[in-house]
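Several structures are given next for inspection.
One chain, chain A, links the two complexes that follow: it is found with chain B in the first and with chain C in the second.
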Partner chain A sequence: MSWLRFVAGRLAVGALTLVTLSLSVFWATEGLPGDVVGVLSGTDATAAERVRLRESLGLDRPAAQRYLDWVSGAARGDLGESLVTGRSVGDVLAERVTNSLGLVAIAITVIAVIAVTVGTLSGMRAGTRLDRFVSTGVGGLIALPDFLVAALLLTVFASVLRLVPGVSLVPVGDTPWQHPQVLVLPVVSLVIGGLGAATRLLRASIIPVAAGPYVEQARLNGARGIGLALRHVLPNAAGPAVQALAVMTAGLVGGSIVVETLFTFPGVGHELSQAVASRDVTMVQGLALALGAVTLVVLLAGDLAARALDPTTRRSVPR
Partner chain B sequence: MNVVEVNGLGLHGANRAVVTDVSLALAPGRILGLAGPSGAGKTSLAHAVIGYLRPGLTVATGSVRVCGFDPFTASGSRAVRGSRVGYLGQDPASGLNPARRIGSQLAEALRRRPGLSDPRATVAEAAESVRLPADLLRRYPHELSGGQAQRAALAAALVGRPELLILDEPTSGLDVTLRRQVTELLCGLGAGTSVLLVSHDTEVLRHVAHDVLRMAAGRLVASAGPVAVPAPVTVPAPAVVPAPAAVSAPATVPAPAVVPAPMTVSVPAAACGSSPASRSDTLLRAAGIVAGYGRATVLDGVDLHVDPGQCVAVVGDSGSGKSTLGRCLAGLQAPWRGQIAVRGRAVPWPAGRRGADRVAVCYVPQDSRSALNPREPVAVALTRAGRAASRAGRQAADLATLLDLVGLPGLKDRYPGQLSGGERERVNLARALATCGDVLICDEVTASLDEQSERSVLDTLDRLRHELGLGIVLITHSPVVAARADATHHLAEGRLT
Partner chain C sequence: MKSLRVGLIVLLTAVVVFGLLGPWLPVGSATAPAGRPFAPPGPGHPFGTDFLGRDMLARLADGGRMMLLQAIGATVAGSVVGISVGTLTGLSTTPVTRVMLRVVDGLSALPPLLVLLVLATGTPGNEVVVAVAIAAVSIPFSVRAVHAATRDVVRQPYVAIARARGDGPLRIVRYDVLPNILEVVGAEAGIRFIAAAQFAATAGFLGLGASAPAANWGRLVRENLPGLDLNPAALLVPAALLVALAVAVTAFVDRFAAGPATLARVVPR
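Here is the complex of A and B:
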């Protein structure tokens, strides 16, 4: 199959998934108990005031019509306005998305370096004492609940040792990159949350390659250690490994919501949890859809990279 | 000092001895042949010489010294592997790294040879010595044919000019011309290189080896002593097609003490489900097959038909497209153009769309190592193929019958990693037989078998086609194998003649 057809196929599937996602996001938020009217009008409002407010926000129209309006707007890049603050969802997204993606990018880089190193070491020595030690440690890491890790980090590094701030507050107008210390705890929590699974996936993609006939042949001709790993094992395990890291990244995008909320890091996830608290349906829908789209793009990139790294798709010369 | 000294070596597997009390010595510049039926422990012994044991094997007794080092120690193996000793394993095509170009793999083999002024020229020279065209150096392994890959792997073993070369079946997939060139090459290595040559090919051993040792059931059974003066090379010209009878073991090599179980199993008529009533139809008719890779046309209008009970041989140079034709016929690869009909019914590509006809044409691939699932015991692989036959409405043969047919009784619980190269090939064949197809496409299925096993496998195929009306396409480089066929077609420049 040619590259063009492959990419076109994946894009079509991605678009279809996005439509399904928009449906589930819309109907899930629609089904949430309580609504923005209750939050905005307060407890003292009369029934008539509530109806007026609902009409002014356009919430009295049928849900199907509001869905179509929302989706057609989203397709043009307009995600609507916050029901609470009146700010454009697109603006909030643009302001916060780089913070969140930056956070995830740093975390996945750290995870990739550690997981590839440890996964390769342990996968190439499958069944040895080192491998069992790594597998046990990794299993423990996976078993740790994320929120427990974050709470522990907060207690030890922020409250007791006072090395880093416990809350990632950034002065208005500044970006988190100007205050690297606020990044430490969120990044470490994400890394600890994702590292275990990533290492296991890497180890699993290394093992069949390391047991393959060409690695045996290379070993018997003197290749060993780093040379064996870099020239023989990793090039052939790279495809599945990249897929594993892509899935991991997608998972971190979701995980960042929890971490950002916990450390009040100024990212999309933090905005999202605040929007949920204030029943700001438009904001929730817009941010959730955007996070879903980012996840799909990451997975698509993983598919493309894995295909590019599969040696059997390579052509030496256009003969 | 001897390059290799093995003293009383015994290797044990989980519940059986693989090698028992083997002692041998190899002097500098000498070529030692290691012959014997498949499963005799030849490859395990060759592995032991570089201090390698397949998983599950242990050294029970004895010792090995290579260039004065003990290869089973970490420092010893570092001292010999890749620098003093070059190793080429069985099924060399699967030993090439799929992610790297042939040229870069040859260059890597060279890095262990110090003080070389022009590595590029040396690589080109090594490729030339195995008659590998220079433009193939830029290709990836999956872009080479089986024979080309084998020569590339051989070049990689030769390029470092090691003191000791261990070659495991280096000529098994090569045609007569190429085999003779490799033979000349080995004879011309000179005094600097000793060779341990594992081969089932008595012709090659006779002309290359100074001494031939024969193994059976893990023991050395006899030493043939100096066989012949290696130079000048007197391998028969390719035009001479020896009759099968003429290729029995030459008198200089004594017959093995342990003869593999002769295949006296009669094929029960119900073993396979093809009905004798339809014997008059043409089983397989392929017309105008055009296929290729990228922009290169490999097959350019191939017609082929196989009648019930007929055996058709397809011969041709390495890289001429024999395997491509086999894969197209079996439906594993969709050709660009062409039709194929089984028993008069047109079937589509790929094989997955053939419904109940998907097992009608079976393919027995060339690279037996990558064709078997390493985590699946023989019995499971065969049973699974039998279930595919049942789903297609054919009556599957039972496990014991199948293993007896290919002369491998009692191997049902082994994993592919515990089989020798020759045993793997026969398991592959048994798996294809288990699907009870109408046509069997055998791609070099006897390439790494010793003469005796080869003869019995060919006898089995003959009996199957005569008794059950099975059609057989034999893709082969060997005139001995092709001589068994009713018709021989030559594939050259994309056309079958």
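Here is the complex of A and C:
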């Protein structure tokens, strides 16, 4: 029963956030003074041309009605057409989303392995020299903006050492997976960008567990090293750790926009920043809504997994 | 330790002062061509020229102020909202404060860069909108940090005594809560300032805010990326300024304010 209520509560909050997100996206892109028609028609359009364009885009209808049309369309999977190229936003999304998801998935796997290892090492030895060293390094990583990491990697590996391509040039019709060398720099950039925050969160979730009485008991029973970490510390820290990784994954959505733009990687983030540059309002709305929804789903999954993995709630369920 | 501390303060002051006063420095025009594109450092051009042949030093001097003002403005706005909402919600749990916290949580679920891009689409070419977007995405973290710190203080006996004495909420915040959370508030503001400066630079990098020839240090990195082989200084110097700013503020916060452990809970990124 408590599980059902928990899931229902989280779903309700998630749905409410999604509605807020759609409202904010719509209001910010169409309700603010910067008028779509003014941007699209240019400075030398006559008043009559502006009126015609406004009517042809359906912008002469009230904002509330346009919002409802847009949202009900989005619910059916129809996000409208690009104002610039005329392509369906849904098609662009479908074409790019697997590239972006794949890129982020590889990065998360690498981050998870490193962050869990380093975070556990550091958290179980909180306050020691190793821990201070890790904390300082992590602080430095967090302080670096994603685009700077990516630009510096590009400088070193693509330009100075010439080891990997600096631009994700993928022939038309091919997917990036057929050209693994273009994935190297984007993945490494995302990993460095997300690793700091992930390791800090992992360490923070290990520390209270490692200082808890049952770990003390296990230590007294002679468990130590990897056995102690795997059998006693990690299972109890798994809940918050998974949640930390979910938060970090949501953060990578932002990072991927920057990284994809810099390396011209054919993903949703690159498509979004191009749409922003060309004032393609429909495209921005659709892609922003999709990326926001993905973030919310990841956070929701993190919440549910954290609860499922938490030993105290797991025990209470069968009763 | 002492020399490190002095060094950090000097570095931070130098970067901030150069950034804020840069447009007034007598370094020549930031928009007029001064030589061929991507000329390496030489006499008259200590950092060479950029992709249009403009003097890099002048471009750097011109590119810091707006970015720093955006970061400072967003940090101050975030602190004002964070302290008001955070102490209020921390002091008493009512249905209203609970709803406020839920709204804050919902806001923090949105990817910050997405908010920035969407706002910049609606109001293109506007630096104030960039600052507003940065403030908006940082407010949830400020509220949470102040809320958590206030909850810790409110449990103390002296707050119970103040309440029993009949002190109102404003009086309790002013005399019992604020003096005890100042360290957390300061450290949290420092962390948000780093994030705000990063966002301002990222906004420039993505081409948001005022259009060319205006360019903050982030956009300078982007502009001069193609000339990496000809004049690396045009890319590396603005990058170094951004790194110096971030590292100096981080070290400052870590060393001189509240323990970062308390903040790691509430400010993941």
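One rule holds in what follows: the second predicted complex is superposed on the first by the 295 of 319 C-alpha atoms of A that agree within 3 Å, B and C clash if a C-alpha of one lies under 4 Å from a C-alpha of the other, contacts with A are read in each partner's own complex, and residues count from 1 in each chain.
Simple rule for what comes next: a contact is a pair of C-beta atoms (placed from the backbone, for glycine too) under 8 Å apart; a residue touches a chain by one contact, two chains touch by 3 or more.
In this text, all values refer to a predicted model and were calculated from it rather than measured experimentally.
Asks: When the two structures are laid over each other on chain A, which of chain B and chain C touches more residues of chain A?
Replies: C
Asks: Between chain B (first) and chain C (second), which does A:A211 come into contact with in this model arrangement: first, second, both, or neither?
Replies: In the superposition, A:A211 touches chain B alone.
Asks: Once the shared chain is lined up, is A:D69 touching chain B (first), chain C (second), both, or neither of them?
Replies: neither
Asks: Applying the touch criterion given at the start, work out whether A:G222 contacts chain B, chain C, both or neither, answering first, second, both or neither.
Replies: first
Asks: Kindly classify A:V247 by the partners it touches after superposition: chain B alone (first), chain C alone (second), both, or neither?
Replies: second
Asks: If you stack the two complexes on chain A, which partner ends up touching A:P235: first (chain B), second (chain C), both, or neither?
Replies: first
Asks: When the two structures are overlaid on chain A, which partner does A:D91 contact: first (chain B), second (chain C), both, or neither?
Replies: In the superposition, A:D91 contacts neither chain B nor chain C.
Asks: State whether A:E55 touches chain B only (first), chain C only (second), both chains, or neither.
Replies: neither
Asks: Touch check for A:D146: first (chain B), second (chain C), both, or neither?
Replies: second
Asks: Provide the residue numbers of chain B that touch chain A in the complex, in ascending order.
Replies: The touching residues are 47, 50, 52, 78, 81-83, 86-89, 91, 94-101, 108-109, 112, 135, 138-140, 142-143, 153, 156-157, 293-296, 369-370, 374.
Asks: Which residues of chain A touch chain C in the complex?
Replies: Interface residues on chain A, with respect to chain C: 13, 16-17, 20-21, 24-25, 28-34, 39, 135-136, 139-140, 142-148, 151-152, 154-155, 159, 197, 200-201, 203-204, 207, 244, 247-248, 250-251, 253-254, 257-258, 261-262, 272-273, 275-277, 279, 281, 284, 288, 291-292, 295-296, 299.
Asks: What residues of chain A sit close enough to touch chain B in their complex?
Replies: Residues in contact with chain B: 211-214, 216-224, 231-232, 235-236, 238, 311-312, 314-319.
Asks: Show me the residue ranges of chain C that touch chain A in the complex, using the header's touch definition.
Replies: Residues 102, 105-106, 109-115, 117-124, 126, 194, 198, 201-202, 205-208, 218, 221-222, 225, 228-229, 232, 235-236, 239, 242-243, 246-247, 249-251, 254, 260-261, 264-265, 268-269.
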